[in-house]
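These notes concern the structure reproduced below.
Chain naming follows the written order as A, B, C and D, and within any one chain the residues start at number 1.
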Amino acid sequence: MRRVKKILNDPAKVVEETLEGMNLAGDGATRLLPGNIIVADREKTDKPALLIGGGSGHEPMFAGYVGPGLADGAVCGQVFAAPSPDAIVAATKAVDCGKGVLYVYGNYSGDNMNFDIGAELADEDENIATRTVRVRDDVAAAPVERMDDRRGIAGDFFVIKVAGAASEAVDTLEELHRIAAKAEANTRSIGIAVSAGSIPETGEPTFELGEDEIEIGMGAHGEPGAKRQKLAPADEIVDQMMDLLLADLPFKKGDEVALLINNLGSSTPMELFVANRRVRARLADAGITVHRTEVGPFITSQEMAGYSITLMRLDDELKGYLDAPASSLAYSN
Amino acid sequence: MRRVKKILNDPAKVVEETLEGMNLAGDGATRLLPGNIIVADREKTDKPALLIGGGSGHEPMFAGYVGPGLADGAVCGQVFAAPSPDAIVAATKAVDCGKGVLYVYGNYSGDNMNFDIGAELADEDENIATRTVRVRDDVAAAPVERMDDRRGIAGDFFVIKVAGAASEAVDTLEELHRIAAKAEANTRSIGIAVSAGSIPETGEPTFELGEDEIEIGMGAHGEPGAKRQKLAPADEIVDQMMDLLLADLPFKKGDEVALLINNLGSSTPMELFVANRRVRARLADAGITVHRTEVGPFITSQEMAGYSITLMRLDDELKGYLDAPASSLAYSN
Amino acid sequence: MTTELDVAGVRGMFVAACDAMLENIELLTHADQAIGDGDHGVGMKRGFAAALAFLNENEPANVGEIFKGVGGAIMSASGGASGAIFGTFFRAGNKSIGDAVMLDGAGFAAFLKAGLEAVEKRGGAAPGGKTMIDALDPAATAASGAGEDLEAVLAAAAAAAKDGVEATKSMIATTGKARTLGERSLGHPDPGAISLSIVLDAMAKAAAGADAATA
Amino acid sequence: MTTELDVAGVRGMFVAACDAMLENIELLTHADQAIGDGDHGVGMKRGFAAALAFLNENEPANVGEIFKGVGGAIMSASGGASGAIFGTFFRAGNKSIGDAVMLDGAGFAAFLKAGLEAVEKRGGAAPGGKTMIDALDPAATAASGAGEDLEAVLAAAAAAAKDGVEATKSMIATTGKARTLGERSLGHPDPGAISLSIVLDAMAKAAAGADAATA
């Protein structure tokens, strides 16, 4: 099989070296702890804390979103593999300020199991209360009746942004959980891909697509989507995506939304902006207004070529937290 | 020749559609004018203005850096082609506040000629004074004795950031020019690539590299670099780059720098962070401290895989402008 | 027949399982590329290498400590779904076997039963969902009907797990990253099921070999 | 021999040049891929398509207006180095020819000389730098020695430009995007020189054809 060309050292150490580089890029804003944990380097304040995490290989997600107004820490697994319970417990201890810790992560069986074990250990061994919000924004993964079978993709970012801002503002873990859960419940995404990413350690593309094929509903690890079809003009592809997305929550006339177009890796920014043009036309047609747009690499899937579209339906509370100041390696506001 | 797979509409209209999408993504912060011009949508204040521009295909450069604390406008050519003089004149008129306009762009013969013609027309027909700073940061393009033969790559960003902040603070075009020229004079970059980008309208890779080859000194349009060699571990590649970079200005013990690691397109963020790790080790060895780091896609070259490293040597004045607040589609501070 | 093994024997059986896993990484990678995200091989490599290190660097006082150490090593070094699953699976052996210093067939069958329950509880998956449970569940059933003799129990479990892997080919995934493949997952075996089968097969062979050596 | 052309004849000669350029886009693309950034073909396509539109949609009153309109269309539609260069080149014809209503060989030779000077002034490149100047400079020289007859002057200029293109193959680029190629630019012709040669060749053929038609 074709081996992917990358500029790396030992692929087995890529996660450790990546996190070292990310921590250094923070120029003092973060600290790197054993177990592939990055935490914000600031005085502990008396607040419920936010811990995020998941498999690596999606940079800048998760460690790029650690800082004031965002997460207090990120616990990072190996490439496409959830972090282990002991790392999760160590990260939980590191971020807890005495008011407990909210976990926000994508809904995958690996993450669910490892964070759940971590939560049990944090409770039993460390006496730290935790709550969990699993992001299930990918409409392609399962019908709406089976929300729990849906995986978390770029919607992670909006939930993290809202939860990060809320964690600075509210007093209890319950309240933080309520707000993050509301953000999650109002977020929907759909992804597509035209070529595969690869895991550095294997160096092989995780799937194969024909020269003129596109996968609608592609997941952030190259998991298959809703369907595979012939490549078509951008406007047609975006229309298919928007049809699935708008129908799902559903988003309705008069809704106000935040919009995120996420680069899964090596799509050109041009393609994302061309898509945005059509997304906005569709939203205007549907009578939906956009409060805020983000375009760029928020959660990548190695060098996969493709992108996803995310909408979060807003109310005044969510809007306030979304607009609140934030500062981190990958997102400032 | 292999055709590159992208999600576009009519490739001949890709620049227009991209700019439409970029303008919409600003959610009201910018306006799109005829001639592929994006300007900040704000009250004209009594200040020397900053106009940036160049060929398209490098998104988010240039139109992504329009906003308070950054450029007042960007004039965008077709893919990899400088904008025409008439568009430059129109953009000059749109951003001028009565105190003249500074042009900042990369040093390419196409940009130089078109902006020079534009400047002559702005002077003759519109009575608008202009000054120019051409960014010549690419150390691979020519020896230091022939600075004018060097092209502008990711160093554009630092010069734009400093000039944008300065344009809000100073009173005259001369003073703005002095500061931008100082930023330019203190900025050096070096790029590498492992695979090519393509121009949407031709759909063909702009160069070919062997399966285990890397080009050291690759330019932002796929122009060849200093040399082509076998791929090696990241640390060795970064060492080669740092050797060229540090020797050039030269950067010396005790210097304080800003650091930018720019994704040329489809390198994975992991690769950039792994590189940052080694860059920081080399800088520490050389007794150079880093004031601020940026990592991500600042000036891309379509889907080229590769990255560049940029250093700007700082003094208190440059540091102040670099840290000043800025807000735009692609960079906020 | 190897009726039972002492602590050193159990340790040897686990070393054999680790070795077998480490020899089959590419197979697991390709299985996960076909219907998952391609990382099952590297995950198992990290986990079983850590388990091997544990076995090489420690002197377990009883059989339970071996199960606990191996499960803990896999859980913390593998990460991912399979780290939690295989970690949970082996650690269940510590609870069911505890500080026993000998492992016989009934003990191993009890471990498989406890492991299955723990995995089902942790992951919420059920038989038929195209996971390692579809190798584990038949293995546990076969083991519980195979008497007291360790070698016989292991042989029965390994054979049943192997059939279980085959059976996963005709299942449509309902759990994990293969879920959205739907019908496209047909024809491919489940990667985690393959891993379990490799482990049980290596253990069965080790137990048979231990017999030959001491017979 | 076509000694001179009126406004309609000059217009026809430019239409032929535009058509020839538009037929050779891929050639130009590949030439620029070899030593530049690959956009020369699409740039010339935009420019000469705009020039053709100008020619089709306007009724120029004199020869100078044709040169000015074509140069302006290319300059604003092409962009890039070649837009400025070819735009500057053709616009120089307006200054040298002005409101004349006939174009003869001496007039064309004067245009090439003025165009060369304008291009050198605008871009700062000199002969030997592997640019379109290496086709234009010999063409201008050949034209100035070829007398008054337009057809003869064009034939001489076109032949010299063609040789000029050949000569660029053995030059090392010192300007533009091919500069950093250094010795690697050897063996490849300069894309802009090819364009100039196509233009002059098409004009020469058009002038010869115009003759044949009116002979």
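Going forward, contacts are C-beta pairs under 8 Å (C-beta built on N, C-alpha and C of every residue); 3 or more make two chains touch, one makes a residue touch a chain.
Model, not experiment: these values are computed from the prediction.
A.B. asks: Which chains, if any, touch subunit C and subunit D both?
C.D. replies: Output, common partners of subunit C and subunit D: nil, no chain qualifies.
A.B. asks: Based on the averaged CA atom positions, which chain is farthest from subunit C?
C.D. replies: Farthest by centroid: D.
A.B. asks: From the mean C-alpha coordinate of subunit B to that of subunit D, what's the distance rounded to whole Å?
C.D. replies: Chain centres of subunit B and subunit D, defined by C-alpha means, are spaced 32 Å apart.
A.B. asks: What whole-Å value do you get for the distance between subunit A and subunit D if each is reduced to the mean of its CA atoms?
C.D. replies: 54
A.B. asks: Taking the mean of the CA coordinates per chain, how far is subunit A from subunit B in Å?
C.D. replies: 28
A.B. asks: What positions in subunit A touch 2 or more of the other chains?
C.D. replies: none
A.B. asks: May I ask you to sort the chain touch graph into line, ring, star, complete or other?
C.D. replies: Looks like a simple chain-to-chain line, open at both ends.
A.B. asks: Could you please write down every pair of chains that are in touch?
C.D. replies: Pairs flagged as touching, ordered by label: A-B, A-C, B-D.
A.B. asks: For a test of understanding, state which residues of subunit D touch subunit B in their complex under the given definition.
C.D. replies: 29, 33, 36-39, 41-43, 46, 75-85, 88, 122-125, 175-181, 184
A.B. asks: Touching subunit A in the complex: which residues of subunit B?
C.D. replies: It is residues 3, 5-10, 14, 17-22, 24-27, 56-57, 59-60, 192, 194-195, 197, 200, 211-212, 214, 231, 233-235, 237, 261, 265-277, 280, 290-293, 295-297, 300, 302-303, 305, 307, 329-330, 332-333 of subunit B that touch subunit A.
A.B. asks: Considering only the defined contacts, which subunit A positions touch subunit C in the complex?
C.D. replies: Interface residues on the subunit A side: 55, 77-87, 108-110, 113-114, 116-117, 140-142, 149, 151, 198-199, 201-202, 204, 206-207, 217, 219, 221-226.
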